[in-house]
Structure formats: C-alpha cells, structure tokens
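Think of it as A, B, C, D, E, F, G and H in the order they're written, each chain with its own count starting at 1.
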Amino acid sequence: MDGFADLDFAKLDLTREERTGFPEVVFCSGKEDQFLCDIYDRLYKENGQVFGTRATKEQFDLIRAKFPDAVYDPVSRILKIPGEKSLELIGNIAVCTAGTADIKVAEEAAQTAEFFGSKVTRIYDIGVAGIHRLLSRTDDIRKANAVIAVAGMEGALPSVIGGLVKVPVIAVPTSVGYGASFEGLSALLTMINSCANGISVVNIDNGYGAGYIATQINRLAEGIK
Amino acid sequence: MDGFADLDFAKLDLTREERTGFPEVVFCSGKEDQFLCDIYDRLYKENGQVFGTRATKEQFDLIRAKFPDAVYDPVSRILKIPGEKSLELIGNIAVCTAGTADIKVAEEAAQTAEFFGSKVTRIYDIGVAGIHRLLSRTDDIRKANAVIAVAGMEGALPSVIGGLVKVPVIAVPTSVGYGASFEGLSALLTMINSCANGISVVNIDNGYGAGYIATQINRLAEGIK
Amino acid sequence: MDGFADLDFAKLDLTREERTGFPEVVFCSGKEDQFLCDIYDRLYKENGQVFGTRATKEQFDLIRAKFPDAVYDPVSRILKIPGEKSLELIGNIAVCTAGTADIKVAEEAAQTAEFFGSKVTRIYDIGVAGIHRLLSRTDDIRKANAVIAVAGMEGALPSVIGGLVKVPVIAVPTSVGYGASFEGLSALLTMINSCANGISVVNIDNGYGAGYIATQINRLAEGIK
Amino acid sequence: MDGFADLDFAKLDLTREERTGFPEVVFCSGKEDQFLCDIYDRLYKENGQVFGTRATKEQFDLIRAKFPDAVYDPVSRILKIPGEKSLELIGNIAVCTAGTADIKVAEEAAQTAEFFGSKVTRIYDIGVAGIHRLLSRTDDIRKANAVIAVAGMEGALPSVIGGLVKVPVIAVPTSVGYGASFEGLSALLTMINSCANGISVVNIDNGYGAGYIATQINRLAEGIK
Amino acid sequence: MDGFADLDFAKLDLTREERTGFPEVVFCSGKEDQFLCDIYDRLYKENGQVFGTRATKEQFDLIRAKFPDAVYDPVSRILKIPGEKSLELIGNIAVCTAGTADIKVAEEAAQTAEFFGSKVTRIYDIGVAGIHRLLSRTDDIRKANAVIAVAGMEGALPSVIGGLVKVPVIAVPTSVGYGASFEGLSALLTMINSCANGISVVNIDNGYGAGYIATQINRLAEGIK
Amino acid sequence: MDGFADLDFAKLDLTREERTGFPEVVFCSGKEDQFLCDIYDRLYKENGQVFGTRATKEQFDLIRAKFPDAVYDPVSRILKIPGEKSLELIGNIAVCTAGTADIKVAEEAAQTAEFFGSKVTRIYDIGVAGIHRLLSRTDDIRKANAVIAVAGMEGALPSVIGGLVKVPVIAVPTSVGYGASFEGLSALLTMINSCANGISVVNIDNGYGAGYIATQINRLAEGIK
Amino acid sequence: MDGFADLDFAKLDLTREERTGFPEVVFCSGKEDQFLCDIYDRLYKENGQVFGTRATKEQFDLIRAKFPDAVYDPVSRILKIPGEKSLELIGNIAVCTAGTADIKVAEEAAQTAEFFGSKVTRIYDIGVAGIHRLLSRTDDIRKANAVIAVAGMEGALPSVIGGLVKVPVIAVPTSVGYGASFEGLSALLTMINSCANGISVVNIDNGYGAGYIATQINRLAEGIK
Amino acid sequence: MDGFADLDFAKLDLTREERTGFPEVVFCSGKEDQFLCDIYDRLYKENGQVFGTRATKEQFDLIRAKFPDAVYDPVSRILKIPGEKSLELIGNIAVCTAGTADIKVAEEAAQTAEFFGSKVTRIYDIGVAGIHRLLSRTDDIRKANAVIAVAGMEGALPSVIGGLVKVPVIAVPTSVGYGASFEGLSALLTMINSCANGISVVNIDNGYGAGYIATQINRLAEGIK
C-alpha cells in the first residue's frame, strides 16, 4: 500500500488528509463521465462524503443517478455528496467581492471554506469605484481571521482592504471584464503588484484555492495545527 | 509657405497653435545636440519662448550656453526658455499621485499645465493602500475642472478618484514598480480596465500628455474654446 | 442608510448621481435573469428610467415582459426604459469611426452621450486609408466640444484628428480586425502611443465610457459643473 | 491631524501600525537622497527604529553618516536602524529556496519576518531537480506555522512543498534565470498555476511581502490578533 | 520521379522513410473530407497501412466507409488502418503524466511510439503535488531508454523526473488548466526553464512529436541506426 | 462630389481606382446583410463587377438572390460578380504554400491577383521539412515577377525562398497550427525576423493583401505605372 | 567549389549575387574584431567594395586602419569601402519618416538603396499628427516606384500613404517611443494591421531590409530582371 | 550522509553522477566570489576536475589564483579545471549553427559534450537563407548520433535539418537578432512549432543543456546505459 488508490487511470491520494489536513477534492471540469463516477464512488467509500468543484449540470445529473443525496449549486458549480454528521464551523473568514459578477467565484471560495469547517462572512459588491460601500463594512471585515478579496476588471479591491486589516488577504482575480481585461490577466497583475502589504494571489477564478488557504489560516488562528 | 518651417531634418509645425490652440513643444529625449539647438533657436524666434520635456542635464548645459535665461527642473526634466510676459493662470487642475516615486511624472504634468495657462493643485502620496489619506483630500480634488491621477505599481488610484468626482480623470500609469509591473504595463492595464466611470488613459510616464488634455478641459470649463 | 440599496446580491449606488453627476447604468452582459430584473425594477423605482448596455435580444424580451415601454437597439445593444420627460440636449460631441464595422461601438458611445444630455454629431467611415473622407469633414469635427474617435484594426484615426482640433479626443479601440489585431489590443496600443496631443484612451469596445467622458467635458464646456 | 505626517513630498502613514499591526517600512530603491534622509529621520523619531528594503551601499553610507547605529546587509539589501530593546521572536516560519541564487530574496523575507518578531528556519538550496535534498528536510518544514518557498527558473518548489505540509505556502518567484525565464515571469506563472493546494503568490523578488504575510499567519498561529 | 507523389493539392513525401526512418503520418485536424480520403487512399497503396492523428469521430466514419479495417481511439484521437503483419516492439519508453486530464496527450505519444515499433510503459497521474506517487515508481521509470513527461497546469513533472534518470526526458506541456495557464503556455515555459538536466520540450499537446523523438532514441539505444 | 458615395452607414471610395490603381474590394466578414447588399448593389452600378473576400456561404445565397451571376469559391471564400469583358492576365506571380492547410489563404491571394489582372503560378505543399520538394520547383519560382510565400506553424518557407530569387517575396503567415503557434503569431514573428533579404510581411491569413502587393509589383515589372 | 568561401568561422556566400542579384552585405553589430576584419578583407578581394550596416565608431577605426578609403556615416551607422567606379542611379524610391528621430533608420534604408543603384527622394518629418505636412508632399511621393515609410510610436504613417499611391509601401517600424511602444512592437502591430492596401512590413529598425526590397521593385519597374 | 555536501549556502549534489550519469556542473553566472571559490574547491576535491559555464573573465582570474591549471575559453565562456586523465571521446554529435553570431552558444554545447565524453563535428554558418551551404554538408550531418541545431533570428535551421536526418535534433534558440526577435523568443517559438519531426527544444542560449542531452543520446547509441 503506497498511500494511494490506483484506479488504473488515476491515483487517488489517500494519505493527503494525514499529510495536509484536508481530504482530496474533485476538480470536475473536463473529466469524462465514467472517470468522474468512479472517482466519486471511490472517494465516497473512503470518506463518507465527496466535494467537487467546476461541475456542470450534466455531471450533477450523472452523479445524482447513483447518489440521490448529491447536491448541486449552479452559482458556485459545486457538486457534493454531504457527509452524515454536520460539521461545527469555527473562526471567521470574510469573503468580499468587487461586483456582482464576481459572486460565482466568491461562492466557490465561501462554500469550500465552509466544507472545510470555517465560518464565513459574505460581503459582496463593495468595489472601489464606490468606496463608501467598502468603508461602511470595514468593521465586519476586520473581525475575520483571513480575508478573501475577489475582483475582476482592474482588480483593485485587495489593495484597499490590505491597508485596513491586520490579517492576510487572499486576492482572487476573476475573468470578469472585457477587452484589455484579457480574461483576468489584468486583474491578476494588479493584485501581484499591490502596494498594500499582506496580499498574496491565487489563479484567475480560483475560488477553491482561496477557500483552502483561508481555512488553513483560520485553523491556525483558532489553535488547530 | 505650407504652414511649417523646414529645417531640412525637421518640419516645425507653425500653424499648430492656430489649429490646436497649443504651441509646439520639444520632446528632447534622444535628440542630437545640433538638432536640439536649431529647434530651440527657431522656436524661440517664432514664439519668444520654448518649452521642452524629457531633457537631460547635459542638454540644459547646451541650451543655456546660448540662452542664459533657460531654466531646468531636474525632477520633471523640463527645460524651458520662459517668455517675457507672465501668464495669468486660470481654472483648476488637481494633480494627484499614489506615491512619492510618481512625483517626477506628476511634475511633468503639473508644469506642462501651468505652462499652458492652468492653475494646478498638487496632492501627492495618497495611494489607495492608506485610503484615509485620499479621503482627507476629497474636497480639494472635487474643486478641480479636471483631475490627473498618476500611479505606478498596481495603478488603482484613478478608480477610487473616479468614483468621487464629477469631472474627467486623466489616468497616467508610471514605470514605478518592479517584477510583474513590467515597466508600467500592469498599471496601464489596471487603468484601462477601470470599473469607475470618467477614466481615460495616456501612455506610461506621459505626464506631458495628461497636462495637455487637462488644460484642454480646463479651458473649456473656463469658457475658452 | 449608507447611500446604497442592498439587494442582497448587489449594492445599488444611490448617491452616485450626487457624487458624480450621473445616475447608475446597468452593464447587462452576463447578468443572470433574476438579478437583471431586480436591478431594472429597483432603478426604475428610484429614477423613473433605466439605461443598460451590452444587452442581448433575450434580455430585452425579459425586461419588456415587465416594462412594455422598454426599448432595444440591436446595433448599440442598449436596452432602456425611457423616462417620462424628454431631455433637452446641449452642446456638441462628434462621434467618428474609421470603418462601418466600428459603428456598433460608436452607437453605444453616441446613445450614451445622448442619454446623459449631450447633442451628438455622427461622422462615420472616415478612416485614414482614404484621408480625403476625413478632411472633407474637418469643419464639422472642429465644432464639437469633445471628439470620440472609434477605430479597430490599426486604430490610426485619433492621431490624425488630434492634430486638427482644439478639444480632447477620446480614443476608443475596437475589436474589429483579424490576425495580429489581437481582438483590439493592437488598436489600443496605437492609440496609447499616439504622437498627437490631446488623445486619451478607454478600454476596447468601451463606447459607454467614451460617451460618459465626452459628456463630462461637454457639460463643462457648456458651463455645467 | 489626519493620521499621517505630511513631509510635503510624502505622507508618512502614522496610524498604519494601529490599523494593520505593522509599522511603516521604507522601500529605498530609487528614492532621492534628501527624501530618504528625511523619511529615516522622521520614522526614527516616531518609532525609535527604522527598517528599509532594497537599499544600496551608497544609501547605507548616507544614512550611517547621520545614524552611526545603522546596519546594512549586502545580501538582503536591508538597511536598518535597530531599536533599543530586542524583540523576543515567536513561532516558526520556514524559508526555503530552490537554489543558491535565490538566497538574496530569501534573506529579505527572513530578515523581514525576524524584524516583525517571527522566529525563522532557513532551508536553502533544496530545488526539485535533486528531490532527495527536499525530502531530507520535510520534518523541519512541517514544524513551521507558515512556509515561504523562493524559486526562480521554472519555480516548481512550492508545488512539491504544498503537497507535504498543512500550513500556507507563500510562493516567491525570483528573477533568477535566463532566456525564457523572462526575469521571473515564468516562475510566477508556474506558481500561480500550481496544482498543489495552499499556495499563494507574491510579486517577483518580493521577499519583503512574503515575510510580512508569513508573520501575519505566524502571529495568528501563536494566538496574537 | 522527384521523391513525392503529387496529388495536385498535396505532395506526399515518398522518400521520407528512406531519409528519416519513419513513414509519413497524417495530421487529420482541419483536413477537408475529400483531401483526407485521397491521402489515406494513396498512403495505403504505398505503405499498406496508414496512421493519422487528431482525427474526429466524423473523420473515422468517413474513412471506415472505404476501409472497414480502420480503427479509431477516441482518447488519443488516432485513426489508423493497421498493416497486415504485426510489428515486434523493442526497447522501452516510459510515458508519464502529472494528472488524469493529461492522459489523452500521453496516449497520442504512447500509441505513436508503439506504431513506430517501441515498447511503452505507461505511468499516469504521478504529479508533483503528491510526490510519493512519483517516488514509488522511480524504478520503473529508470528502466526506460527515454522518458516522456506529460503535464499541464504548472508543468513541474519533467524537472523532478529529470533529476532521477540517466536518459533524455521529452517534456510535453498540455493545455490542461485554466486562468493563467494560458492554454498550456505556462507549462511550456516551466519546462523550457527547467533547472534539471536532460529536458527538452515539444509543442503544447504534441504527443505525436514526443512519441516520435522517444522512438528515435529508443532505436539508437537498441542498436538501430 | 467629394470622391465617395455616402451610403449613410458607409462612404464608398469612388476615386480609389484613380488614386491607387485598384477598385474598391468588399471585406464581407461580419457585415450585416442589408449593408452587404447595398454595397454590392452600389459597387456593381459603379464598376460593372464586384469582388468580395471572407464571404460565407450564407452571404453568397443572399447576393445570388439579387445577382444570379454571382460566383462563390468555398476554399478562398471569395464572392464575386464577374464583369462582362474578361481581362487578359499579364506577367507572372508565384504563389507558394508550405502545407495543404495553407491553401485557402493562398487561393485568396491567387484569385485576388488574378482579379486584378495578374497571371499566377500555383506551387503548393513545398514546406521546408521536405526541402527537396521546394528545390525541385526552384526554376518555376524564379520565373515570377513576385513571389507570395504562405505558411503557418513555424513559417520558415519565405526564408528559404528569399535566398533563391531576385524578386520580392511577400510572406503571409497563416493561423494554421496549434499550441504555441498562437493563431499565426509565431509564424508572423518568424517571417518578420527572417535572415533572408527581400522578405516583407502582411497580416496573418491576409491573402488578399499579398495578392494586391504582388500585383502592384507585377504591373511595375510589366511596364504599367 | 561549393559557392561559398569558408573562413572557418563563416561561409561567405559568393554566388549570392548570381542567385539574388545583390552582393553580400555585412551586418556588423556584435561581430568580433578579427572576424569583421577578415570578412571585410575577403569581400573586398572578391567584389572590390564592401558595404556594412550597424557599425560602431570603433569598428570604423578598426577597418580604416587597414582600408584608408573606408567611409562611415554616424547617422545611418553604415561603414563602407566604396568601389572604384561610381554607379549610375536609376528609378526613384521615396523614403519618408514620421518624425526626426526616425531619420537614422531612414538613412540606413536610403543609403542601402543608393548602394544598390537606386535614386532616392528623402521626405522626412511628415507624421500624421500634422497631416498637412504629408499632403503637401503627395505629388513627390507619387512619383516613386516604391515608397519606404518609416515610423515609430503609433506607426500610422504607412496607412495614410498607402491610400494615396499606386505602388507598394514598405513599412518600417522603429524603436522610437517610450512606455507602451515596447521598443517598436506597437508600431509593428499598427503596420501589420493596416487597413490600407499595398502595405507590407519588415522588422523593427530594419532600414536595410526596406532599402533592399524597394530596390528590387525599383529595378523591376525600370525593366531590370 | 544524505547524498549531498552542505556548504551552508549550498547543497552540492554528490550522488548526482550515480543517479543521472553526469557529475555536477557549475553555472557561474551571478555567483558571488566566495561562493564560487568554495564550490570549485569542494567539487575539485570530490571529482578531481570542475566544469563551469557562463563564467566571466573576472571569475577566471579568481579561480586561476587558486588553481593555476584552470582554463577559460572566452567564446564559450567555459571555465574548467581539467582532470588528470584524458577521456576517450566516443560516438558523434553534429553541432550546427545558422550564423556566425550563434557560434558562442554552439561552442558551449560542443565543449560540454566533449567534457562529457562525446566526439563532436562542428558545422557552422549554414543558415537556411543560403540553403546550398546546408545541403553541401548533409552527409556529414547524417553521420551523427544526435544533431544540435543552433539558430537565432527566425530560427528555421532545425526544421530543415529535421527533414534530412534519422536522429533527434536538439534545437537551441539564441538571443541573436534585434527588434521583433525579442531576445530569442521568436526563434524559440519557431522551433517549438516546427513542422519537421524529431525536433525538441531547450531554453534560449542553453548550449550546455543541448550538449548534455546530445551526450545522453550519443551514449545510448554507443551502447552505454
């Protein structure tokens, strides 16, 4: 036993939770039907629950045929088979967006963090072009152990938040925009070049990654190592 | 006479002021010594004054040898031979910077605007990572007929200002930064993608261009067409 | 009351007109149906009219089902619910295009400017490869308080216009072209590097932004601050 | 008093420590001599110590002339005036590099973290092309509250570390490399696209930023908010 | 006879096998139906077998109508008309992938190598974020005469393998990923910048090319020149 | 009469033939149906023939409904209404392609040249990876007054031809390729950097432009100015 | 005898003139001293004259030490050893520049064309931002057999000229500019995307290449094949 | 003992030769003096010889002070301390260049291969713009077990060679060129997109890497595993 389950086409990483503190999650996008079913099947047997991101409605139908308890959220595109016992959520992560179009990425982040056991405060549509919206929520943002700032177009939100809080800000560029937004590249560059301190960046539209990191920080802040 | 002075190597545009409302200005960078002297000479004869940008200290020495009245500002790199009669400055242009390193570009903008007859209010080092600095100056910014917002690194300043004022914001990306700032490209993309309204953008470090446009707007606002 | 209406998913910016002189406008592209309806509904209640850009025919059908007065222009893709009292248009903005394929962006600019109260002169298909077409309209262009120059492919139109007028030229690159036009990036770079004075640039295909800025200038020129 | 000291050319952010938990730090690169002296002078008066990054040997000479206690490290390019009382370092941050050429960025990170009160474990030259070097240090890396992974060229180090630890990995791309490394851009892209979880990225060569974020996490892990 | 068959629209390279040791292969993507049929027809007559890559299911139907023996593999998208006599496979090529989504490119490589007479060992889903998976297969990889390492996203797999083996590693970036993976460009840059020795790179998704080169090396290692 | 026909949405350039020696040609791609019909109608009235590029089958059906003589070639996508009198073709232009997939661009070039009165020699599928194919046709290529070299992927064909002939080579990069071909950008860069003399380059897939330039040269060579 | 002189480090192409109609020219930039001397020496023996581009003043001193007749032009950076008999210049090539900073590239083009036997008309500083300068010279431009249009910054000059003449326009982008000119890339893209007909493009600052092509055309127009 | 020597700042990889068949080589560029000395010292003690690439003349002086036997080649920039016993060279690697400016990279490749025990045939200045030079050497190239093709500018050499030989071609793009060569990026893209088979690519100017891979293949071909 080498620490993974060999499904012929895939090697499920069964010691991941032990090594990293988190169970394996399924990136559904582009997976062929049979592969996806086998993976959900095997992970459900191992863990009693499965959490997948970037799922389509068609993939939901496929999984639901076998697992009637499967749940799908069309906004975040998360497809999960919930476990039996509910988790008590701890700490506090603030998930902020610049606009309404960024919400689908923010929900991937928020629901990922919740799946991993973090309490989440959602603060949406507070982009910098109407700075009073952000300022009116400063106190709420400051209560979090970690902040996720989601923004497309020029991606300036993390810089302003970074100057207001003591905790790390995970910046998530989104592909929201048009023209010279280059599918999120411009927002990514903005965030990487932030003159504010405490900002680090994940891939374009990578809500999952931000939810994961914020949970790592949230756990540390709540005394879990 | 075709409306320009043919210096063999160059065609000085003598009807420019009539057509555009502004006299010809010299872009000194990279001009060879003899060319530069000839151009200053000819323009001085035509207009009684000369205004040049991107000049070096060496070019200043060169011009001063012939025109003892020449003045050079090492921050803005403007090299001018002032005219005899002083101009009465009109209206109000706010020139703002995100950081102190942006001041050299801002001064090119401010002094250009002053040369063309505009009153200028300088508001420096009010970048978005310390948003209270910007907010404390909102009233001053709102008094202007046009705003010039100069920023390097992530270049987020124009977006925040754009949400606070009624007049156009001329955004000037600067080459200030390092790594993924790509000599100002990242700031340029940020500004082009601004979700705020009223933002238009000029080339990286193009303080002169911003001062010119702001003066066009300032003149219109003061009833000069 | 924090100056915005919290629709749960969105924060409508109700003090925007007071702060910036312009009411909130809806960017329809990619908005989900229910969100779009709620926003049109709320803005109509606040302002007695709604103006949206980048709308699809399907979105028009959706809004028209609730607001029979809604009007849709397939060229500019503007979807609006007109107000009761008609606005008297002031001043003069020249909207120019290089080719016929640029007209859809130009119309977004022109109709935006008209919605905000500006008189507009349309001068289409005067690209630089047939320079006599542009020169024959110079007098009309010179009458404007601001010029919007819309061009795809190599995007050279603003440079030529900039040398002919006294007022600011808002350059709008379009995604018209193929191959190395890179969906408008080449035109954007051309405009940013313009050797003409008085040129500032907005995002690719951003007719709305250009109409907004031109109106800001037009108002100032007509004595409105 | 608006929360900042107005040095005419700069606005020192005196409430930053209260807002963010960290004092202001000086980015020395490109600052003119007189500006730099004034800033060190003012910050020393306010805080009793000053910490600057990206300083040159010449800037050290300049500052030392006034503050004989100033200390300069040519590897990290940090120029500081130490405070009187020594800080007790807490927690544990692992700073890892792929190669020896990455050490100068790693030292900026490590010394920044130490200045802000974090204990640091240095683990250098463990790049993935000799994977046994990294594996032999896994236990040391796993003891940290946060990991900083510094790498140039292909920048693969953070991905491997991310699969081995429970805590966040701050990835720092460096400009080490040649040809298609594009001054660190390739390493940055590698890190942003990491298939490992828990990786977030800062700007190329931004050791300071990584040291700051790691300290934020380290503090939270040690019960300081 | 100039060494090629002139099909009017194409010149089939009939001396290729003599010059290069390999018969001509058909790149099916984008070929028009009649062209494709003519090429398969002619090559079958010349060689008694045909091997095509990047074929669609529709192209398979087209070819099968004429050649009932045609075989199509939807994963690798290889469409072939097998020859009569089966080839004895020689040597050993290891084909490795980072993830399961890279398998379709890996299969193009593996089946190409097999078509050209090489024995292949498939080792899939051993990406660096779970390094124990790769390490558990080191012995198998070390037995090969050449290694093909297929990876998308950050593309770090070849660097780790390169440090473990004595033979050349052909790195194949794939378009697997999203956001800043830029359709495989990021993985390509990672591989080109590899700090490991023995790594050379082919085009994104170019499994065929990797299978070809690995066979060249495998033949040389088995004493065939 | 300003030298153009004002169709409200378009200004047809009626003096173009006089100024440039060539009649106006219609770029059909993306033109709306009514616009296209009006343009064909007006140009037919002016010139007795119309020549359009980048037309779709649907546009052909549209035009044919009104002009039964209209002719459409699905390979080159040229849609024309032939004139009554046939043109005698002069001189000689060699149109070469690297592969078969480049033929559609080559045909746009060849048929454009023929429409403008040039005799054309087609030499297809002579890419540099099988150099004997090109060398066997050297004599035919050398007979031309101008050479058009069409190539995708690495685009090396023009460099080799440029070293063999005395006349200008118009290089046309095509979007043929995949992965790092970046839709023809790589081929364009290859051609722009050619170490051979006599190579100049047009836009990606711009067969029309190449046919136009080659005809200009062919006419000069045949004594027509 | 293989048609080239093997200098050990280089193979001088002695049959080039026969194949292409032009003698070999030396690209001096970056050549080591001894190599350069040997090449000038050998070519002088073969041809009785040598023509080199991109030479430095130091290289001139080196060559002059051996060949006292050597001539160097610091503007074009051409270093030549003239032949004994003077060439009668034929035809007419117009070399145009947008600005004065483009002259050094234009002179490389002009002097190359003259060396190859073409008569040249120089028309400098006629950029599009002062369109009357260009229009006043239209008749002169129209007299040429070929036009070379040299421009940096936004590079719009070729588009306007292309609409005015019957002969090919060779567009030469220059590295003149700053910021988003990206060392000439923006001008190159402008020219490649030109909506005017008859424009083809050479590499940035490649005056030599343009002079070569224009001479090819000029010869054909004058009846030389 | 973990298989490496820990020099505090570096971990020398002492088991590399066992794992990969090649001893550790020093990349001298940018290494600080003391580090470089320590590394040469330690490696000499371990292996009785040292081989370093990208060394400067200054580094040579430094090493020679301690190791009088040190040898430096200014063309390849290789700095080595030769071992006592001379190696018998085996097999055959052809190292080809397109131009003379590519020789410095080619020599890094050739001397690296020789250091690792391979016999090398140098074939320089056979670029594709004078294709007869390459064709005259085809037989020599065909004798090699592996070919290294070094080219800057448009980088077309590997494509032509790839069509002529049976063995792998290692393509090395160089930074030779100007303008749109983008320091070797264009040549790299050309090579990655090669339509010839058997081409794989290493980093720009990476002669060392090519020499290493070619030696791996050469050893396999000579029966060494």
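Note that in this section a residue touches a chain if its C-beta (ideal position, glycine included) is under 8 Å from a C-beta of that chain, and two chains touch if they have at least 3 such contacts.
Note that the coordinates shown come from a computational prediction; the quantities given were computed from them, not determined experimentally.
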Same or different: do the copies subunit G and subunit H touch each other through matching residue numbers, with over half of them shared? different
What angle of turn lays subunit D on top of subunit H when you fit their CA atoms, given in steps of 5 degrees? 90
Farthest CA centroid from subunit E: chain B
CA centre of subunit C versus CA centre of subunit H: separation in Å? 57
Between subunit D and subunit E, what distance separates the C-alpha centroids? Give it in angstrom. 44
Within subunit C, the set of residues that touch 2 or more other chains is 16, 130, 163-164, 179-181, 185, 188, 192-193, 197, 203
Here the pairs of chains that touch are A-B, A-C, A-D, A-E, B-C, B-D, B-G, C-F, C-G, D-E, D-H, E-F, E-H, F-G, F-H, G-H
What residues of subunit C sit close enough to touch subunit G in their complex? 98-99, 127-131, 135, 153-156, 159-160, 162-164, 177, 179-182, 185-187, 189-197
Subunit C contact footprint on subunit F (complex, rising order): 2-4, 9-11, 13, 15-16, 29-31, 35, 173, 175, 183-185, 188, 203-206
Interface residues, subunit H side, partner subunit G - complex: 100-101, 103, 124-126, 130, 132-133, 136, 176, 178-181
List of subunit D residues in touch with subunit A within their complex: 16, 19-22, 145, 163-168, 170, 188, 192-193, 197-203, 209-210, 212-213, 216-217, 220-221, 223, 225
